[in-house]
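Step one of this worksheet: look at the structure below.
Labels for the chains are A, B, C, D, E and F, by order of writing; each one numbers its residues from 1.
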Amino acid sequence: MGFEHREEHVDEGMLMIQANLDDMNPEITSYVTDLLFEQGAHDVFWIPIIMKKGRPGVMLNVLTDEASAGRMETVIFRETTTLGLRYGRMACHRLGRSFHEIETPWGTVSVKAGFHRGELVQFAPEFKDCERAAKAGGVPLKRVYDEVRLRFLQQAAGGPD
Amino acid sequence: MGFEHREEHVDEGMLMIQANLDDMNPEITSYVTDLLFEQGAHDVFWIPIIMKKGRPGVMLNVLTDEASAGRMETVIFRETTTLGLRYGRMACHRLGRSFHEIETPWGTVSVKAGFHRGELVQFAPEFKDCERAAKAGGVPLKRVYDEVRLRFLQQAAGGPD
Amino acid sequence: MGFEHREEHVDEGMLMIQANLDDMNPEITSYVTDLLFEQGAHDVFWIPIIMKKGRPGVMLNVLTDEASAGRMETVIFRETTTLGLRYGRMACHRLGRSFHEIETPWGTVSVKAGFHRGELVQFAPEFKDCERAAKAGGVPLKRVYDEVRLRFLQQAAGGPD
Amino acid sequence: MGFEHREEHVDEGMLMIQANLDDMNPEITSYVTDLLFEQGAHDVFWIPIIMKKGRPGVMLNVLTDEASAGRMETVIFRETTTLGLRYGRMACHRLGRSFHEIETPWGTVSVKAGFHRGELVQFAPEFKDCERAAKAGGVPLKRVYDEVRLRFLQQAAGGPD
Amino acid sequence: MGFEHREEHVDEGMLMIQANLDDMNPEITSYVTDLLFEQGAHDVFWIPIIMKKGRPGVMLNVLTDEASAGRMETVIFRETTTLGLRYGRMACHRLGRSFHEIETPWGTVSVKAGFHRGELVQFAPEFKDCERAAKAGGVPLKRVYDEVRLRFLQQAAGGPD
Amino acid sequence: MGFEHREEHVDEGMLMIQANLDDMNPEITSYVTDLLFEQGAHDVFWIPIIMKKGRPGVMLNVLTDEASAGRMETVIFRETTTLGLRYGRMACHRLGRSFHEIETPWGTVSVKAGFHRGELVQFAPEFKDCERAAKAGGVPLKRVYDEVRLRFLQQAAGGPD
């Protein structure tokens, strides 16, 4: 299948930056997410929380390497309403990865596969490609996902690695 | 136990007013809740939701009788950031209720009991009283709840209704 | 594939019963869910909400036909801590359904398919069967789902209806 | 300020369509949201819920007029994994609206204002415009919002309506 | 009361493993939870989060000792859809514990008590036992909890330790 | 504007204490929050989570310095129902702060401003003051916030620092 492997590894030097926001217009969240990814965030997500006086707030979470942490902080302080943030140390365990092109009746779709101790444990069709195929073919998005998974499994089973 | 009964009944003419908020400072929520209760809301609560562009918003819910609905709308439009609201018809089934005073080592606590078809199915110590007792007695709040429940059950079992 | 069809239809006479709970031990939720299904609930689910004084509560939702509503109310009043509940009218649109048996290397799995205006739009492997197959075969549960979906799609494409 | 008014009104004939999803890839949610808006949905949002066996699912909510309800149902059945949906009647109360252009140092921003019984109660800068201005000017998005609100209020106070 | 004590202690060498899932069928969650507990997880829970593109995802959290961490990772990579996971160091402070048998009219119920610096601060009736008693006795589950708590408190107050 | 600066800094020695609660009356949450702040907690918040058997629970989070951690633990063990808690190390990055008094037509409102590397990045009107002004003036709370922000920005732009 033409695998392009990347090795499984653990990265010890990661930080999770967190900031609780209870006085911010939520329209800003997606904008902030985009800026943080542009600055090199490894992951960005939001958790609904309940803050002082029972306020429904959100907690911003940014996974970053240490070298980029300063840039993350600048985005957070400039763009959100927080007066402080906190961070803790984390290690990240990332699977070995390979990348594949799967042909479907509605176009090619990339698939990212994941390997744990050399064994294939994961494969994820690329959302953007599936979306494009669904629109091009006039078929439901879930139908595209099924087709890609079916073909990936057939190739993985049938062919030499 | 000196019960003061109110009858179990169904009220058909209730409205649930809802407004989705994705651009409002959450600090405003508790203030709006208070105003709505002052204007006669039967219940007010908030649901975390995910809105357009994946924004983490909240849905305001106000349970009201029809006569008060106009006052609720005025509060919502004045105080929140919504450009519209919606409402649906609901019926409310309320238990028969009786009110009791329970003596504890740390002061008197009111208890609200609920009756379904004449049978005692519910009893709830009044939070404010329990909080006061816990502070007065220097005991954990959960200890006060347990004591009130224990004594209510003993009275309910032992005495004539 | 030996389809056993049930017709697509709309049922106008449904009720959604709701109760907000802010003073109940959450251990009780799964027990209440089971009892409601035993009494004939069409669906039962819980929504995290924020109640008076910023308390993190849950809203119980029970979808029921009118004939069973009284039994649902009795369970709710007996088993939860609510002093009242509310309900609104709903119509339910249910797909036409057919039921299938799919053979896998790890045992037979039932699949429920859904039809909208005669077209196959949905199919769902039965969780319990997949779980059993995964344990029997020592394979990941997601692998079983994929295999069942793959085989269902191949049969649906290949054979006469 | 060159107001272009639309009248405050109540629309009685609306439907809220709901579907609970506990077996769907969440990557599909934003795609479904987009399709529903394209088909004329008035609003689309998602509520995190807890379903049978304690599964973390989501409830899709689509606010629609009756004329469009069939198109919404077709999207939901084709694109999600649900075997049924439900709907209830709702009335929508929409504020009178006017539309404004506010000049800022970083470009023009549209503002939508809302009127309840003739009184200005709401105004919301257009997110897309603010985002463009923030990027063009290299200023924080929240700074753009503040500037637009400040200028809108000054105009509303100072000038003839 | 026949206490069987275990000592209060702090365990410094714990890990919290986390994985964000935005493309997984939620039916898999309870299955994964069970497998992780079977492999020795100290705790497993799920947090609803909002991920890239506003997708409603869930974050899996697994509290584990270091010796078991590898087994947890294998379950997570095999059974969920994640391509990576992260972990941080945590210390766990566990109360001294004692175990009790409480007789009720509907059967025996185990109670786990917790001690902080030698003082009784906690006691929790065993859910499974309460559930069995409720079903055996045809009484509400909450009634069983109340009875167990009442009897535990009476024993704790009355008798020698 | 009469700034009273406090310096931007990072505090390495902070702890985040967490406890998962699935069997506690949620009425207790606001009481516990208040006690923890009285004992010197830097922040307290609650996260809705899904626990064993699919129970909707909450996770208590307490940010504290090490010197106060013992007092936090005592409150948590006495007042909640947990049999254990966990904590991890965190560093807190706090902005430089200055405090201002802003005059409005409805009274004086305090504003807390935040500085990152000497640049003004944040300012937050004090909720309690805004609430009092809104009630005194009979104006919407959001109107007070807007007025305070407008005047703060005008002062910050116009005058010497």
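Going forward, a residue touches a chain if its C-beta (ideal position, glycine included) is under 8 Å from a C-beta of that chain, and two chains touch if they have at least 3 such contacts.
Chain by chain, the UniProt names read as follows: A, B, C, D, E, F = LarC family nickel insertion protein.
Not measured: the values here are computed from a predicted model.
Student: For the Cα fit of subunit A against subunit B, please give the angle of the superposing rotation, nearest 5 degrees.
Tutor: Rotation angle, to the nearest 5: 180 degrees.
Student: Among the listed pairs D-F, A-B or C-D, choose the one whose interface is a repeat of A-E, with over half of the contact pairs the same by residue number.
Tutor: C-D
Student: On a CA-centroid basis, which chain has its centre farthest from subunit D's?
Tutor: Result for max centroid distance from subunit D is chain E.
Student: Work out the mean Cα position per chain and let me know which chain is farthest from subunit B.
Tutor: That would be chain A.
Student: For the two copies subunit F and subunit D, is the contact made of the same residues on each side, with over half of the numbers shared, or of different residues?
Tutor: same
Student: Using the average of all C-alpha atoms in each chain as its centre, how far is it in Å between subunit D and subunit E?
Tutor: 40
Student: Measuring from the mean C-alpha position of subunit B to the mean C-alpha position of subunit D, what distance in angstrom results?
Tutor: 30
Student: Which subunit D residues reach two or more other chains?
Tutor: 23-25, 27, 29-30, 46-48, 50-51, 53-58, 78, 81, 88-89, 121, 127, 140
Student: Can you check the complex and tell me which residues of subunit A touch subunit B?
Tutor: Answer in residue numbers: 22-27, 29-30, 46, 48, 51, 53-58.
Student: Spell out the residues on subunit D that touch subunit F in their complex, using ranges where they run on.
Tutor: Going through subunit D, the ones touching subunit F are 50, 53-56, 121, 140, 146-147, 149-150, 153.
Student: What does subunit B use to touch subunit D in their complex?
Tutor: 20, 23, 47-54, 57, 59, 73-74, 77-78, 81-89
Student: Provide the residue numbers of subunit C that touch subunit D in the complex, in ascending order.
Tutor: So the residues of subunit C in touch with subunit D come to 14, 16, 29-30, 33, 37, 43-48, 58, 61, 63, 88-95, 97, 112, 114, 116, 121-122, 124, 127.
Student: With touch defined as at the start, can you tell me which subunit C residues reach subunit E in the complex?
Tutor: 24-25, 27-28, 31, 48, 78-81, 127, 131, 134, 140-142, 145
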